[in-house]
Every structure is written in structure tokens, then in C-alpha cells.
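Taking it in order: structure first as C-alpha cells, then the write-up.
When the chains are written out, they are named A, B, C and D in that same order, and each has its own residue count from 1.
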């Protein structure tokens, strides 16, 4: 396990390298009137898979490798509510042989500070055997384009 | 119960009066690779509530009346899949004293023919007692602006 | 389209032929404190697929045929809330060559009267081509065991 | 932030102090045939809130304090699939003045080793102001009954 990236490097819009809009839904709000914490993870895997499909050529119906989530986490800084469209920020925090860890954050539109940020790790496995498989080259190249280099 | 609107009046983009985009999510796809049928209803109540909040002034946190769903239905014409952004079409099919029935349809972007269409009925009730309450005037006015008059 | 079954034949526990428990979830409650209408459909397709898998031998990972939802509807009689375990009642309302329509209802534990009831139609199709396919014999036999014959 | 509990203390059924069954749903499975990672968090907040409501007297409709999630994480050890009923294990890892961190794990029925484990932190706040509020005494007493003391 790599050392986690410091929280101060996760909360600003400028610290993310790719963005995608996300429309919230009526049912995302829970009984307390805020978006339920579990939905944040559905936003996170939506943006990561959107990047893999659109920018890395992943074919989720046919490719011989698929990506499984092995670890995820999220820090909630301020509540979000439906209705609004969010901006999801995306980057790669770490790339290994068969795994990749993404950094993600949710922003209200035009906000510079994130409402929540988190990370999750995909392990690429063979679709038929579930055995780990090196990240295919074209996907690796796509992931490297959004690799986050922390300022030193 | 009013006579349902004929299916031929539900499948074309031109038959809807207000539209809102909706981003699909990774988890919307089920094991067969298509968006699960239940999510269509979460799209439908998202667009209806978005209209009520943005165009009719409904305050879902504070208003003395809330809207409960008493009936819903959907016809699925062709599969939809993540990732894509959908256009949701919206209109009012019928307005009563305390209830309103919406017509809704989901379109792929730039498609004229719906991938699915349906309807659901909201009954307005007092938040504290759950007893039916006449539709408030400002909400009624907003709903009448998207009332669908079928061609004769 | 077959004539729908009369509502009076859908609201009693004794009118259903197979039951399965279902645990509600925190996120099922919406901002108004009741289970969101869309989740009812996820309960419905959970019980129908559980029946198909457990009682009819459907293999959702491997079988050459899969079942797509083409129409669904639900009538909501009284609100349901988390936390509680529901009983889902199930039966077959109609069987055709490649399609089957289920009748379903949700009951609070020990309640005789349903809190909601509905139906949905599965069309069996070839997994690779999406073309309609006759219901396989072993599945048809399983479905016929819960076929609802209305009293005359 | 307290030091996290070591992973070796999170993976065994005997390390949890309260259990609740949870029925999986058709839509929990994603396109790869496994339960989507985000649903694990909906299982986690379901069991924690069930404990708060049933064992600690929390009234989610009326109480002056509500609990917000400020941090969550999950480690996925082996895939889970619908249909099956899971056992959710629950305990309290840490109690502060206004916050509590739960430990949770998901077990296949009769399994001693978890398929996934995680934690999340609730901060109790005043419903009207969103300001942190000390954990009410009756809730604190309930939480202390499932406080996990790691072996030394």
C-alpha cells in the first residue's frame, strides 16, 4: 500500500486533471435531505469508468479484462443536495502493474473547494478467471495522461 | 381513473413540452449490460421533481404540502446503456383537485423516438397528516404551462 | 396486450402463490421519510429473478437466453418505511410464447392487505442477438407452478 | 483522527458484536456480475442505522439530532453476488464527544471470514442548524454495548 496523498492535495479543483458533469437524482437525497453517502461512490465509479471507456478505449461488454474495485474511501466535507449538477474531478494517484488508484472529488458548479473527495483502487483481472492481469497498454497510456504529480 | 393517453401520443420528442438532461451511471447497468428497469422510475421522479422545484417553486425541505406517488407505469421500447446522457421529456397529462398525472419519456440525445415512456401520478398531501390537499395555486399554474393537449 | 387483472384480485396475501422476504435499506427512504417509488420496482425484479434462479434453474451468468423487462406498473396503497422486512408476494398472471407477466405485491410482515401491488412483463431473448426466444421448457414449467387462476 | 484498527482485527466473524441479515437485490449486480462497490456502503449505513433505531432509540423522523457521515472506507476481499442473503457484522471502533466510528463487515451466510470490511464515522448534529451536538446519553449507552476492545 502506497502512502496516501495528503488531504491538502485533494480539496481544490485545480488539483484534478479531468472533469465530467453529473446530474443528481431525487432518490439520492435521504430522509435528512442530503445526498446519501453511498451515492458518492456511485458518482466516483461513474466518472472513472467514463474515463476508461471514453479516453482509454475500455469496452465493458467485450474486453478480456475487467476492473474490480478492491478498496475505496471518501471524506465528506459539506453536504450536497438534489437538485443540482455536480462537477466530478478525476485523476490517477498511483499506477502499478495490474492496479490503479484514482483520486476523485465532487464540486458544486463553479466551486473551487470540493464538497467531498476520495479514492478507489481498480485491479484489472481476466474476465473469465478473475485472475489479476497487467493493465493493457492502451489503457495504461490513457491513465498516465491524468497522472497526478504532487508539488514538491 | 382517466382513460390513459394512447401510446401513439407518447413516443415522439415533439409530444413533450419540457426537457432536462440526465447523466446515466455505471451502476445503472445491470448484469445484462442494460440500464435496469427500476432506474427509469428514478429518472422519471427526478425530472418531475426538478420541474416542481425549478418551475413551480416547490420547496421540498419546508413546504406544508408534499407529493406522494400513487401509481406509475413504464413501457420499455429499446434498451439504454451507460455511458450516455439522456434527454428526459416531461408534460402533464391530467390535473385534478389534489392530484396530477405526468407523461414522461427518455430519449437518446438527438433521437426523435423515445426509448421508453411512462406516466406517474402525484397526490399532494399535508406533510404532517398525510391527508390529501388541493394543489397549491402557484404549483398548479406551473403544471398548467406543460399541459398536453392531444391533437383531435 | 391481455386485459389487466382486476385490482380487487391483487391486494390480498392469499392471492399470491410464492413469497420471499426483503430487507429494506436506509437509502430506500427519501426526503419525505418513505420508501421511494422506484425502489418498489427493484423489489419486484428481485423477487421475480429470485424465483427464476431458485425455482426455474435460470443461470443469469451463462444461459443463452436472458429476460428483458418491456412493461411495468405499480399501484401504491400505503407508504412503507425503512427499517422493516417486507414480504414480497409473487405469481404469474399470463404466459405467452416468449413473454411472461408477473403479479407482485409488497406486504408488511403479518399484514393480509398489500401496501403496493404491480406487474411487469419479461420477454425472453437470445443473449447475443436480443431477438425474442420461446421461454425454455424448464423455466416454463417453473412459471406454470405459480400461475394465478382468478376465481370465477 | 485515531489510528485505524489493524486489518487483521476486521476480517473474522468473531470480531463483530451485533449482526443483521441483509437481502441482496437484482440491481445490486453490475455488468460484471458482482455486487457494485457502492452498494456495500448502503449495506453499511443500513446496519448502523438499524442498530441506532432498534437498540439505541434513535427516531429518524423526529429526533432533534441527526447523524451525518463524514468519512467512510471499505476493503473488498472477495466478490459477492445476488441472489444471497448476507450477514452484516457491526461494532463500534471509537466513540468521541459528538462522533462515533463503526466497524462493519459483510459475510456470506455461515462464513467465518468476511467478504468485505470497512468503517464509517457519524457526527451527530442538530437537525435544524447542522451544528455538532454531543451524542445523546441513551444513544451513547447503546453504542457502548457494542464497543470493540482489541485483544492485547
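The rule is short, and it goes like this: a residue touches a chain if its C-beta (ideal position, glycine included) is under 8 Å from a C-beta of that chain, and two chains touch if they have at least 3 such contacts.
Predicted model only: the values in this text are computed from it and were never measured.
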Which listed pair, B-D, A-B or A-C, reproduces C-D with over half its contact pairs identical? A-B
Does A-D or A-B have the larger number of C-beta pairs in contact? A-D
Do subunit B and subunit C, two copies of one chain sequence, contact each other through the same residue numbers, with over half in common, or through different ones? same
Computed distance of Cα centres, subunit D from subunit B, in Å: 35
Express in whole angstrom the distance between the two chain centres, defined as the mean CA positions of subunit A and subunit D. 23
Can you give the whole-Å distance between the Cα centres of subunit A and subunit B? 30
Could you tell me which residues belong to subunit A and also touch two or more other chains? 26-27, 29, 31, 33, 36, 38-39, 42, 45, 60-61
Would you identify the shape of the chain contact graph, picking one of line, ring, star, complete or other? complete
Using the touch rule from the top, collect the residues of subunit B that touch subunit C in their complex. 31-32, 34, 36-39, 41-42, 44-45, 60-61, 66, 68-76, 79, 120, 127, 130
Sort out for me which residues of subunit A touch subunit B in the complex. 21-27, 29, 33, 42-43, 45-46, 49-50, 53-54, 60-61, 82-83
Where on subunit A is subunit C touching in the complex? 26-27, 29-31, 33, 36, 38-39
